[in-house]
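Below are two complexes that have chain A in common, paired first with chain B and then with chain C.
Presenting the complex of A and B:
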């Protein structure tokens, strides 16, 4: 038990500070470029309405990116994040049945579904010790199958109070912006908590964390549950945006969230980075598609251009990221 | 499991037994399920997945967290390019197939270069490529799929011309045999296993690690396109998402076949049997009138269950 007296993962802290700095610079630079380019091409982005509607469309991706970030920092990966969003949104739509009075129940249902999905992922990865990549790819299949069961075809009505709240502004600041800021602040407040420190330690070096008496399995489990809950919220954001349910929305979100995490300077090997980087990453990616939209690309070319932008962003972050030392 | 005869611990044997068991169960529940005709039919459907799984096997064997999440869309793109070129004309089969393979090779090359030169992790690179290829499909088709398979291709897949068997089974057998030979008996095969086991050791022994890795991803895209082309021979018409859903099964087939997801251990025979197991399972579920959602769920559950048997990672401390 001498290992227990060792300081909590000191070497990874040093290594973290050093590498975060490099990656954050690249992320910040990309963010500035994306914002400037988007505004230059589409000046009405700066109007209150422009900001509100832009952030409203960004919100699902931003939330899923934060969810993905927590899992990745914990040394895992969640390819089922998109499917969780789809499942929790259709569950919420069916539960609320378009009635305002049931909006709170819908919120609980969405988050509850996300937590349940996260628990399954967490159990599979931490207790069964399956490789996260393939295991969550498989669980994505389970979740999207269930989403089809809950809502076979796109449809359903979202209560007006939900779509309304989503479009509201408090003291001229749009709700969607407030929500993004709230998520970022939430992370800043909570990051010093034991659970999140344990998650980071686990992702940085599971063996060292284990030796320092960090409950590695529990931390992995917690990272997936937390991530599932946030993905559930993203499901609600999707509903607020679209006004109806769709069991097929998940696919792009898994890719988008992973890309946002990478662009946001979070190392896929775990332990390094912050969900705030992922928020920036998500905004960069979403802005790039806004830019593609505004330069008048034909509709059929947009998906290709968006895909190429993701690859380029990945390549740029890969070049800017610190090299693996081993 | 640990006390039985060694041969029963071989994943390939286990998978083959599972396939036989599934067919037997189907035969009991629905008479006719296990008839020779029906079995040939299932093998025919398994061949598309089996051909795609060849590439997935090679990529997984190459190690370094190797995986190709773009095979499904690449297969779809291959099918679209080939069938649009053929447009129902036998004379255009060769150009169609060559075009599909050429484009697929470029996609695989991009995957491989992104992975070795830019050091983007394989799953991120191929996931990103999935988006790009999906976009490419929209550009090529303008959102409307209108290709038609040539009659000769259709009869290769749907006819029973070779010894009463569909020609595609022979094609699958030849491809599978060739790949097994390449893996076991050639320098490329030896190098592939070497880099899959340890990149560092392979590099120090003079193996051109980067070149072999890139080749693995090029081969993966090539076989994916071939699988897609075979599939369009089966469906005759092409769809915008024809083979998109085959990515997960292709990985599942590799895992069922006992190839280590960490790389370096395994072979194609197992993946072929894995493709058969998955296809038999799907047709069994279809025969039992399971709705689509249940089939999707079962696929995921099966993969997790199989991983739990074969693919568990080691404990932090034993």
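Presenting the complex of A and C:
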């Protein structure tokens, strides 16, 4: 904002388009860099076992990133996503009691728990109109507290069928890879629904959406419920991966999912982007922690490094995104 | 035109926004097969009345009869169910969605919650095709954000047409269109009229009103004052109806000051401004008139460095860098905003602090504030402006609108400004406080300051200004001096200035 600049062009329509393109380029480039670096540092990543176990560790973050992406595209934010994962996973563990026969019940319990949490978030944000940042920060505390009530210490047994599934492969493609692909395909189905279109419109411009007869409050609510359901699935993925329940599991997931969304080229202001980008973002972040591990960064530095990565990602997106007028 | 029973009847419409009574017992009757103009000067409530019918403004009281049935319209969705659609200058498009997605937004075709792009394309095709002569080659999948403003406005109109409304409200919907685009919209409106719909047409272009409208309802200060047949009424008569037989406002202006030019502006452009020139002398009160939203506020904000703009600005011959409010204040420029809540005050902080904050630098010694000197300065303003307060320690939110606004004045007077910019300074202020604020403004000028004032009330400009610049589409298009400044002349200048210049501004926006 200086007098020296020429008369500023009207709301930089062109710039905004460009920023989107740059962002998706940047996401793709980062993904390539991360994959190459990770493989260079850890050649055994490329073995079938390496691929399977790496993707297994990706899966929870990938799911939570998609969940977060839906809320962010709808103009919100869900800081409780990690706590929802923790709560759904411990509920599922307690319900299944390690029995294969109860796996389906566990699935329903995990998703149901996620939906219930999402409904709470959605009600608070869309009806009480509280700031999503504060509202979900607070609800995260509630969900974490509930998780501790359900399973006070790490433990419990996950049915073998669940942990086993993660180790299987179909036509030599590891199950964990197939599951990540399935998540992406699931999104391609979901985005053709009316509710997702309305969520996107609400995030893009709530006033315009309202004037266009979009049920704005319902769409906001739906974004949190959908997100909760997917976070519930992530809870199950965590169990399959870890083999036991842990009420503290979700700690880094919320921040990680926000970072994945940003790295994946989804504007935090809402309306723009696709969860496919968030999946890429999640993989980039997961690989970068693999990289940090393999260059021998002490565990005590891990949290610090992760925070720096998130801030860098946010800074990059802020540079790319033109300021919105009005 | 066939005579039919009224399709739309609004009566007893009341709406109050805070301290402002936007509508007082307004009414409107329009028949099917009629284009009905809605006219009135700035702030007369014409847009509000339209929005009541469109469901986007909830009235305090209103009786709405549609096709003989009494209805309640509580939301845009309710209005749509009743066949009422509205198009505003403020678009309701989602820029991140495509043209087609926007056109069907809120009524997407599909099955079991899944959308059908093919059905949407089928539904949209006739409307897109109808608009093509003006819209150009715009496809279903094009992103709305890539369209020029005029094209976006047409898509917005298409969205309303898609709903096949029996009542269509066009509120300044042609403002960003080129002449040929307007012609197409008029054709479409006439087709709708033939089809028996009622079209409510709000425009600030008098020539459009006379070209298109069959009848018109004229509002003044929130009251319906006349209903007239447009072809049987001359434009001058329409202007007279809008202004009314006002008693001559008591003007407080004096002969134009003969002092040197204090504020000199050349070619100020950016955002809504398209090259503003202005010279104002010390002791002079210059008003900014014209229709609302023609760049008046933006001009003041740009001079204050609060929004980006480029151009040459000098105060007392010294160039001003339009970088920030701080650099403007250093050159002696002060801005009193109309929106006290968000721009002018720190609501929860004490009155003393609010009065002192802009002039802290002048009183502090090596960065340390002296509470005693601050209190003295604040008290001096409370006395000088007769601000009614309990204690200097009370929060500013404890004051009435008029007194809070006086605090904002006092804050800037303490900086001893040489140029004072006033952006609608008496908005939501009661009559008594208004008179006192006018006295303060006059006092400022008498002390040699240059005052530039934007007002949403023509009456205010008539009362206080020595000179009024009439703005249109971001540039000064006419100047009224001394006794030329009357409400009638202001309205006339504002309305007729646009004739023949249609599309002048959009050409640049489209680039």
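Going forward, the second predicted complex is superposed on the first by the 298 of 326 C-alpha atoms of A that agree within 3 Å, B and C clash if a C-alpha of one lies under 4 Å from a C-alpha of the other, contacts with A are read in each partner's own complex, and residues count from 1 in each chain.
Note that a contact is a pair of C-beta atoms (placed from the backbone, for glycine too) under 8 Å apart; a residue touches a chain by one contact, two chains touch by 3 or more.
From a predicted model like this one, the values you see are computed outputs, not experimental measurements.
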First (chain B), second (chain C), both or neither touched by A:210: both
Which superposed partner A:124 touches (first chain B, second chain C, both, neither): first
First, second, both or neither for A:26, with chain B first and chain C second: neither
Contacts of A:301 with chain B and chain C, given as first, second, both or neither: first
First (chain B), second (chain C), both or neither touched by A:146: first
Contacts of A:195 with chain B and chain C, given as first, second, both or neither: second
Partner with the higher number of touched chain A residues, chain C or chain B: B
Which of chain B and chain C A:272 touches, first, second, both or neither: second
Those residues of chain A which chain B touches in one complex and chain C touches in the other: 207, 210
Contacting residues of chain C [partner chain A, same complex]: 56, 76-77, 80, 91-97, 101-102, 105-108, 110, 113-115, 143, 145-146, 149, 159, 269-271, 305, 307-311, 321-324, 509
For the chain B and chain A complex, residues of the former touching the latter: 65, 67, 69, 114, 118-121, 123-125, 127-136, 138-139, 142-143, 248, 251-252, 255, 261, 291-301, 303-304, 307-308, 311-317
Chain B-facing residues of chain A, complex: 77, 79, 124, 128-131, 133-135, 137-149, 152, 206-207, 210, 216, 252, 254-255, 258-259, 262, 268, 299-308, 310-311, 314-315, 318-319, 323
Touch list for chain A against partner chain C, complex: 1-8, 10, 13, 16-17, 192-195, 197, 200-201, 204-205, 207-215, 271-272
